[in-house]
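In this document, chain identifiers A, B and C correspond to the written order of the chains, with residue numbering beginning at 1 in each.
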Amino acid sequence: MRRFSSTLVLAGIVGAAVLLAAIPARAEVSSETQYVFNTFSFLVHGFLVMWMGAGFAMLESGLVRTKNTATICLKNVALYSVAGLLYYVIGYNLMYSNVGNWIGDLTFFYNTSEAELALLNADTVTPELIAPVVENGYSVMSDWFFQMVFVATAASIVSGTVAERIKVWPFLLFVVVLTAIIYPVQGAWTWGGGWLSKLGFSDFAGSTIVHSVGGWAALTGAIILGARRGKYGPGGRVTPLPGANLPLATLGTFILWFGWFGFNGGSQLALGSALDAAAIAIVYVNTNLAAAAGLLAAMALTQVLYKKIDLTMTLNGAIAGLVSITAGPDLQNHALAIVIGAIGGAIVVIAVPLLDRLRIDDVVGAISAHLFAGIWGTLAVAIFGGGDLVVQIIGIAAIGGFVVVTSSILWLIIKHTVGLRVNEEDEEMGLDKAELGMEAYPEFGHGSQTI
Amino acid sequence: MRRFSSTLVLAGIVGAAVLLAAIPARAEVSSETQYVFNTFSFLVHGFLVMWMGAGFAMLESGLVRTKNTATICLKNVALYSVAGLLYYVIGYNLMYSNVGNWIGDLTFFYNTSEAELALLNADTVTPELIAPVVENGYSVMSDWFFQMVFVATAASIVSGTVAERIKVWPFLLFVVVLTAIIYPVQGAWTWGGGWLSKLGFSDFAGSTIVHSVGGWAALTGAIILGARRGKYGPGGRVTPLPGANLPLATLGTFILWFGWFGFNGGSQLALGSALDAAAIAIVYVNTNLAAAAGLLAAMALTQVLYKKIDLTMTLNGAIAGLVSITAGPDLQNHALAIVIGAIGGAIVVIAVPLLDRLRIDDVVGAISAHLFAGIWGTLAVAIFGGGDLVVQIIGIAAIGGFVVVTSSILWLIIKHTVGLRVNEEDEEMGLDKAELGMEAYPEFGHGSQTI
Amino acid sequence: MRRFSSTLVLAGIVGAAVLLAAIPARAEVSSETQYVFNTFSFLVHGFLVMWMGAGFAMLESGLVRTKNTATICLKNVALYSVAGLLYYVIGYNLMYSNVGNWIGDLTFFYNTSEAELALLNADTVTPELIAPVVENGYSVMSDWFFQMVFVATAASIVSGTVAERIKVWPFLLFVVVLTAIIYPVQGAWTWGGGWLSKLGFSDFAGSTIVHSVGGWAALTGAIILGARRGKYGPGGRVTPLPGANLPLATLGTFILWFGWFGFNGGSQLALGSALDAAAIAIVYVNTNLAAAAGLLAAMALTQVLYKKIDLTMTLNGAIAGLVSITAGPDLQNHALAIVIGAIGGAIVVIAVPLLDRLRIDDVVGAISAHLFAGIWGTLAVAIFGGGDLVVQIIGIAAIGGFVVVTSSILWLIIKHTVGLRVNEEDEEMGLDKAELGMEAYPEFGHGSQTI
């Protein structure tokens, strides 16, 4: 008995030791709790980014003329829909499933994991069913949702630049290929774990991968489509074609700013630990500071240059500030976020007239705000200590080259097959009557600047 | 001493065993954490649904004529307020408190639980105070908040259909009864645990219980009110009375889409486990896919049928896709969500002219998008394996019959007492001047289509 | 051996006892989980409050005349930016860092804690790194973010009142001082832990600290600026200058209402326990009930007084209901929230014509909705049992006196140096052309009420 008891004692001590090792520290987040937090972060931040679709729609509705307003509304809701379907059918797999250096799987549809299905369909929930689900760190479809709203953003950028002269269906055909193939392929290089990722290219939430991709596609589109009738006259004359509804453009900017907390904050890709939560908070703060600085820089610069404040430029300044900080919103020195954003805002004020001098007609200023500021932001990561400058340049150039080539080919194919641009009469009349047979504001009379 | 020690050893071992049983598995979410997650899900998803009130307001503001725009704005803010008060005073108890087969308690006001009050008012928080609170799974008032925003949605649906000819106060009187009694009573049958629930009627987030209820009430209202002056002429002539501000209608659609993640996602009614989080993610994805498919289906169909894309129909296509998926957004095969949504979108395009042929004047297309697509979505649950078709039909018919009868009686009582419809002159002049003495856009001149 | 073993046994038992004490109860939220919840609450509720910036922009855009619409849009985005930068550079430290009785540190910039930096920059995350971070309860910058959006709200209130005649840059100069110094100093007295806090002044989310501060600054501004040309004629004649776009004003109200769940809900300052979650849910419910009651009270009162429903007053009624409940949204008797909100709504209807009689020209009704309803709400806390009435009056008076004096001095300094008001011609022409050289709605013709 005594021997037995001493054996028991030893067993008891060993047991106590095992217990000590197994007990979670009081401070720790359980792995299932982490899973819930991470999933909820994708969903909450994802719905914020989804809402940016409304932001682009309002911004662009406010900056086109009345005769093309219903059409730009239609394009924005339709492109979001196309992006969402195509990214489900093809895009996500191409970008994230078994990516080697260049590209993921070309398989159709994307569904939840077998582990999640087993858990969801079980009669009784057991730890054995939960464990493999939790191991993934977040729900499979929450990640899909979050990534999907990003591809829609890239497509939204294009729509503003090429507004007021492009046909609806050919534009959507471009969006099909952009969101199914072009965006996912280059996305696989970095976020899918491909060659740029291995090289160390750093782009936290997509100054390059999302914004400059949209910007390059917009640039090639603007060049291939040509300018709107009446925009550029002989001798370098530029006729302003002012937006018809500036409160809507302001609303759109506010929506984008609001949604950007999801765009950048969610790109931490996790929430379920003190580290992740603290990191996301920093991202929010930098995002806000950069936007504020971009807005005020653009506003002040237009006052200095033109002796009047330009509201449209000012709004684009905020957007450029946001785009600029998107590659590195995890900066721990917040004052740098102000610097990065302010430079982004200044870039817009300088770039918009430059593009006009090149007779590249960008209706809403998207190329300046998304492409140029996106490049700046991606470089800024290295300049301020978050990456290698050469690698950043390689990333910018590789993605830029790829998108310029593929989107140019695509625009040209569409142009020479189904056609890209409405005819002169339809452009004069406005796309709303020509393509939709309706007016955006049928009861509002015609004011001083109807063109 | 040794004997004593061996007794101690045994005690130690028993203690260790007890400990082992008591220690939470490393992966588990603690029950208080679950409570917080579940409560926060109700609040976050609830504020998204609340925001849908703005969506209906903007959609309807965009689709009426300028002379009735301020009135429709007023009706939308007022109905949300009425719904929120009445559901507090009567509705919630009727729908959820001690429901037998048919109806809950007819008691006034709804307040938090005694367990929560004890916890909130304690000088020291103890596990004994927390336990009974946590046992409920979620905070009492967070559930109330989430359910309240649903009843407001049902009322919003009515407002769009009967716009441009109904008087403000009588409309709000209808809303009082709808939100205090009609909606809660039929809601008790399924969500309150009543007879339809026992029968196995399946309606995840309310294709029937919310959307078709609003739709039936709208349909009876449209019939009893009659069409707007000038809408239907002799020989089946239908005069389009186009909406005055399509960007606002587009914004409204985006808001509804955005809010629908709350509507469907929150209807999982829990977030605090891997299973719930994974389920909500699936719901978000299906919700988005169905909306996208509904929009594109409606858009393509209008192109085919009318040779032009109809923006209003296209927006309603997205809404119909959303309504369609609402009964079963927990589908694990996402491709089916696309099918369900696309059929929903097509239904709108077919139903809108059918209603016109019947001279039922639905200003914003709400009957098509909410009632017909709601029926379709509820049937689709059974068709795609989530319920029994006969039971689904019984549920649709019972709820439909109840709402048609009660709302018809209510509309008729109002009509023959305080009156329902403005007089001809007021309708001609517009409700804004007649009922509010103001204009929605006093400075905008009158364009080509002022009617 | 046996002696040794009995020593071990004792050690084992002691160990087991220690373990028992150390193991978290099954129901408890771990401290790191609490940190994540609290941080996420600041972020989610913070982005809702940020969105209120868009609400003020839309409300004010809808309530000014077209000729001043672009300018009010500009002011709203710019003031949000100024507030965000200044609160980072100076304001937060002044309000929250080492506050004695009167004021915090006058140091520049605000950054995350060393504990968080150590965690974020560690190669390996260890419990020793997590512990000091978690001890703070929430991420440092998430708190900053949440507090920052509040200061922006205070500035937004001013902008509406002084619209249509103030110059852009001088207005922003006022906002600089308001958000860098005036707001933070009085905020330190209560929320920073200063003398009012020690006295027991109770203002949950800022009926006085945010809303009446904005209201007092607006009132002094309105008096010092003077009324708009043509607003007040001889013999007490008041000319209505109706808002140009009521759907935007409605949208703005919806946005404010939506954002207010963040404003009040987040002011619980924690989410990571059942108590906090239950408390936040109660706050949401009271917030909604008070807004609904305020809206319906104002609506009914305008019907009674003017025989027509006034949409603008009705919208302001909702805002006043929200402001009223902001000092005490943690009321456990929800019926009282209805009473408080309804009185708030009635206050607006009574106060707006009173101010007009005093020839104080408040373009959007912000003084009535934010100052008067804010005072009412702060008193209501004491009336309904949540504080001492004398202390509440002291708080209201002290903060009011401070803001009236400092903001008057500031307005006067600006007036007599750079100038505050546009000249008569510019006011006649509209600020959009004068200050921005553009029109908000260049294509919309001029309707019946262009003034």
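Just so it is clear, contacts are C-beta pairs under 8 Å (C-beta built on N, C-alpha and C of every residue); 3 or more make two chains touch, one makes a residue touch a chain.
Quantities reported herein were computed from a predicted structural model and do not represent experimental measurements.
K.L.:
For the two copies chain C and chain A, is the contact made of the same residues on each side, with over half of the numbers shared, or of different residues?
P.N.:
Interface between chain A and chain C is built from largely different residues.
K.L.:
Just send me the rotation angle from a CA overlay of chain A on chain B, rounded to the nearest 5 degrees.
P.N.:
The rotation relating chain A to chain B comes to 120 degrees.
K.L.:
When the centre of a chain is set as the mean of its C-alpha atoms, what distance in Å lies between chain A and chain C?
P.N.:
For chain A versus chain C, the centre distance works out to 30 Å.
K.L.:
What parts of chain C, by residue number, touch at least two of the other chains?
P.N.:
2, 5-6, 9, 12, 16, 19, 23-24, 30, 33, 44, 245, 251, 441, 444-447
K.L.:
Please output the residues of chain A touching chain B within their complex, sorted ascending.
P.N.:
Touching chain B: residues 1-2, 5, 8-9, 11-12, 15-16, 19, 22-24, 30-33, 35-36, 39-40, 42-44, 46-47, 50-51, 53-54, 57-58, 61-62, 69-70, 73-74, 76-78, 80-82, 84-85, 88, 109-112, 116-117, 119-121, 125, 127, 130-131, 133-134, 139-142, 144-145, 148, 168-169, 245, 248, 251, 435-447 of chain A.
K.L.:
Under the definition above, what is the set of chain A residues touching chain C in their complex?
P.N.:
For chain A paired with chain C, touching residues are 2, 5-6, 9-10, 12-13, 16, 19-20, 23-30, 33, 37, 41, 44, 48, 65-66, 242-247, 249-251, 253-255, 257-258, 261, 265, 271-282, 284-285, 288-289, 291-293, 295-296, 299, 303, 306, 308-312, 314-315, 318, 332-335, 338, 441, 444-450.
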